[in-house]
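In structure tokens below, several structures.
You will see two complexes here that share subunit A, one where it goes with subunit B and one where it goes with subunit C.
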Partner chain A sequence: MMNNTTNNETPLLEKLQKIDRRILYLILVIVIAIPTIWPINIPNAPLPMSRDLWNTINATPPNKIVLLSSTWTKNTRGENQGQMEAILNQLMSRHIRFAISTFDPRGSQVALNLVNSVAKKYGYVYGKNWVDFGYQPNGVNYVKGISVDLIQTVKRDAVLKKPLQDLPVMKGIRNADNIQIVVEISASSSQYYWIQFLKPGVKVGFACTSVMAPEAIPYYTSHQLAGILWGAKGAYDYEQLNVEHHTGGWGSGRQYMGPLSAAFGLVILSIFVGNLAMFLSRKRSRQ
Partner chain B sequence: MKLTDRTIGIIAVICLIPISFGAYLYYLRFGQNGLNIFLGGLVTLAVYSTLYRENPIYRFVEHIYLGLAAGYGVVIAWSEVLSTQWYDPIFKQHQWLWLWILPLAIMAYFVFSKKHSWISRIPLVILSGFAAGTIFQGFVSQYFPQIQDSFKSLRPTIYTLQNPDPSPAAHILSISGAINNAIFLITLTSVLTYFFFSFEHKTKAIRGYAQVGRWLMMIGFGAIFGSTIMTRFALLVDRMYFILIEWMHLGHPII
Partner chain C sequence: MHNWEIAQGNTIWLALAGVLLVTFIVIGLLTKLPLTLRRPLLSVLVFVSGLFYALEYFLPTHMVLDHGVLVPENFLTDLIPNIINPLAQDLSALLFGLGLFSLIRMHFNNVVRQRSGWVNSLALLVSTLSMMVFGFWSRANLHHPQWVDQVYHHLFDGVYQNMDAAMFSLIAFFILSASYRAFRIRSFEASILMTSALIVLLGLSFGGLITDKVPDYGLWSNFRIETWSSWILNIISSPGLRAIDFGVGLGGLAMGLRIWLGIEKGALFGD
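Up next is the complex of A and B:
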């Protein structure tokens, strides 16, 4: 009797450990598709590092600008776009002047498209309320340069190709002292340019993909970073803070958290089932 | 029945007819943006087809992507770097001193000559000199505050379990924060012990402490791996959103 049960159950345990990866992919697609089509709201509590970034940007005085360094492309749209959109909502609803630049040659157009789409909502005018410094191929020289003289370093804007001092948005802005915070929205390690070479005392924020966040946290605790947005969760945090303070609405951060949580649930379940099957089959083989 | 690459290729070419028709309908209904999304959806599916197995459709799209990226790189190298930072200042604004870079750049190409390859080392040495100075400054700015921050207090400033303001800028240390700092201190010293090779780990205490460091590193790697999974899934969710909502219009888009 015992032997019969073992013989019947062992193949199932082995099968559980050898499920075809294509079946797992199919299950994953279904698990993600359902909450994408019919969104579900996952409760959220913003992290202190997200809140700190929000507070720093929100405290921007009228004589300063915020610099968004948008070093991401469509590859990481799932995380970086939500973060940047939430920050732009806050900046525009609070009428804060800002500039964008990028360390990635492909990032320039992506950032420009996103800012233009959000600017339409708030009536933000290029040259008056915001400006594009364009692609900056030499990160070190750019950061060191704007620390001393922003106008001479960047010289011309990337859209109108006009001298920076001729644009109303740059009124009273000369160097890094006139920047409230630099926010590096990135899918690479470009935050180190700012940490290493920006004039001491100027705040730096970091909106990164989740994979980079654990590496960035030590710089937050040592005050080298004023705040961090941790991937899609960071975007959700920022959207929530915007909604709480009426500085913006919901976006991809909240939209993606449902499917993301469902996918994590599937991974945890798969790990649990796979390990359980492995332990049971080992136990049976020993018997 | 296993389809050969040739059969898959023929089917893909035949499918181009309804696909072109679909693209035209998308263009009529949603304009240029709709056509972009339609093509984006097709390319996304073609890329994901490799999850089933390697196939010519995937390879075709992969080559198109690489070709576009290479072409874009060349254009950007000229339009955003060489033109704006070198050609325009010299030939349009007549800042002739920038010409000194030209011989240095030419010297770099002597690396292809067996006899004169030593010349290519001159620009390399100059660049190394610049880089060494820059890296030194970068190292100090990046790591000195980290070393300073590793001296953490183990004595709480308030005797509550929870911190009312957990932001590092608030400088409030609760009991849980003090425990956290103690864990940090143990992690730092034990991991350093593990990597300290100047003396042999002879005593049981040092060996044990280094082992603790090893385990703590494993926990750290686990957390980093978890974050990696989070990123990959977020990117997948975004692609699924693109296909299901933006391309197929199966749900409401984000407003």
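Up next is the complex of A and C:
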């Protein structure tokens, strides 16, 4: 009887250690699809780093602009799109002037699409309330250049191709001293351009994918970064802060938190199952 | 971006052709130079370029009133937006062009000689050229027909962006498969790693659900998963990463100095 039990259970333990990856893929699809179709709300407490970024942007005086460096494309829209949308909601609801630029040749169009869609909601006008500095292929020189003379470095906007000083949005804006904060929204480590080469004293924020956040934390604790938005959680944090202060509503940050949490839960479960099967299998083989 | 200044007139094509011609002549002459001359020439160019940034950064500055704003400057500072930045932008654009030329040449040869996988090369050529044509037409020329914009947006937003997102989303499947197969606790260190990873993972996702009833103030807040997650990240992970950054920084500085001074093997054509 004992032998039978052992013979029956051992294959099960071995099977649990070698589940076909196609079955895992199928489970993942189902686990992500369910909270996507029937959204669930995950309780959230905004991280201090998200709150710091929100507060810095919110404190923008009328004589300064915010510069959003949008170095992301649709491959990280799950994280970066929610972050940028939440920041744009705050900027536009507070009537803060802003500019966008990018270090990625594809990022320019992606950013324009998103800003245009949010701008319609708030009646933000291109050239008057916001401006596009376009794609900047040489990060170091761009950052060093705008630290000295923004108008001379960028020269013309990327949409109307007009001299920058002719646009109403640039009234009183000459160099980095007139920028409240630069927010690098990125899927890579492009925040280093700003940390290393931007004029000291100008604040820098970083809205990044989850995988990039840990290496940015030392710069936050040393106050070289004014705040960080940590992946989808950062987007959710920012939306929550916007809702609390009536500077925007819910968006993809909260929407994606359910599927993301479900996927994380599945990852944790799969690690647990794999290890449990390994321990039981080892124990049985020792016996 | 400063190239758009001449893009307003018809002189753009003449200017582009002129710049390309000069560039190819310079590159051609450079490749014809004997190695004994080429290396010192490039070393001097690299040294002077690096020296500019070093001097601009380290030389003392004085405050200058620029359009009502006090700006710390020395005699090199003004060169950055006026000369260095446009020059660097143009060099970057030229490098893009060289990369594109090399890519097209390689895949064009694949198609012409019908090497294995030539259909993929053909797809690449068609995609590249169509995106280039409609992209330039749509973005560089303000007076273009409406349908050009539509085709460009179909190609960029409809096709490219979605394919990009689909490719990236495949990572989720690989992460799940890898975490299931590879994340096994075989040692004490592995168990610490896994415990930390689980806490951080929970802190960034549904950890709030588990400790939602625990107050987020006073002593009680120490029992919330988000607090544990933040503690691991700020107290444990951050100093480690800072140490790595210091090492990388020192390595980068040493490598930068070697390239700048022309003593790095293989950095400037040959050993």
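Observations on the model:
Note that in this section the second predicted complex is superposed on the first by the 287 of 287 C-alpha atoms of A that agree within 3 Å, B and C clash if a C-alpha of one lies under 4 Å from a C-alpha of the other, contacts with A are read in each partner's own complex, and residues count from 1 in each chain.
Convention: contacts are C-beta pairs under 8 Å (C-beta built on N, C-alpha and C of every residue); 3 or more make two chains touch, one makes a residue touch a chain.
Everything quoted here is computed from the prediction, not taken from an experiment.
On the shared subunit subunit A, the superposed partners subunit B and subunit C overlap sterically. When the two structures are aligned on the shared chain, A:Asn75 is found in touch with subunit B and with subunit C. By the touch criterion defined above, A:Ile271 lies against subunit C but remains apart from subunit B after alignment on the C-alpha atoms of chain A.
Looking at the shared chain after the overlay, A:Pro214 reaches both subunit B and subunit C. Look at A:Ala45: by the touch rule set out above, it reaches subunit C but stays clear of subunit B. Legend: residue contacts after superposition of the two complexes on their common chain; A:Gly127 is shown touching neither subunit B nor subunit C. Of the two partner chains placed around the shared chain by superposition, subunit C is the only one that A:Val154 touches, whereas subunit B remains out of contact. By the document's definition of touching, of the two partners only subunit B reaches A:Trp250; subunit C does not.
Of the two partner chains, subunit B and subunit C are each touched by A:Pro137. Subunit A residues in contact with subunit B (one complex) as well as with subunit C (other complex) are 25, 28, 32, 48, 75-77, 106, 134-135, 137, 140, 210, 214-215, 218, 221, 231, 233, 260, 263-264, 267. Only residues 19, 21, 24-25, 28, 32, 42-45, 47-48, 73-77, 106, 109-110, 113, 133-138, 140-142, 144-146, 148-149, 152-156, 158, 161, 174-175, 177-178, 210, 214-215, 217-218, 221, 230-231, 233, 257, 260-261, 263-268, 270-271, 273-275, 278 of subunit A touch subunit C when the two sit together in their complex.
Residues of subunit A touching subunit B in their complex: 22, 25, 28-29, 32-33, 36-39, 48, 51-52, 75-79, 81, 105-106, 108, 134-135, 137, 140, 192, 195-197, 200, 209-215, 218-224, 231-233, 249-252, 255-256, 259-260, 263-264, 267. Of all residues in subunit C, only 1-2, 4-5, 7-8, 66-69, 71, 73, 77-78, 80-82, 84-85, 88-89, 91-93, 96, 142, 156-157, 160-162, 164-165, 167-168, 172-173, 175-177, 179-181, 183-185, 194, 198, 201-202, 204-206, 208-209, 212, 216, 224, 226, 230, 233-234, 237-239, 241-242, 245 touch subunit A in the complex they form. In the complex of the two chains, the subunit B residues touching subunit A come out as 51-52, 72-73, 76, 80-81, 85, 134, 137-139, 141-142, 145-146, 148-149, 165-169, 220, 223-224, 227-231, 233-241, 244-245, 250-252, 254-255.
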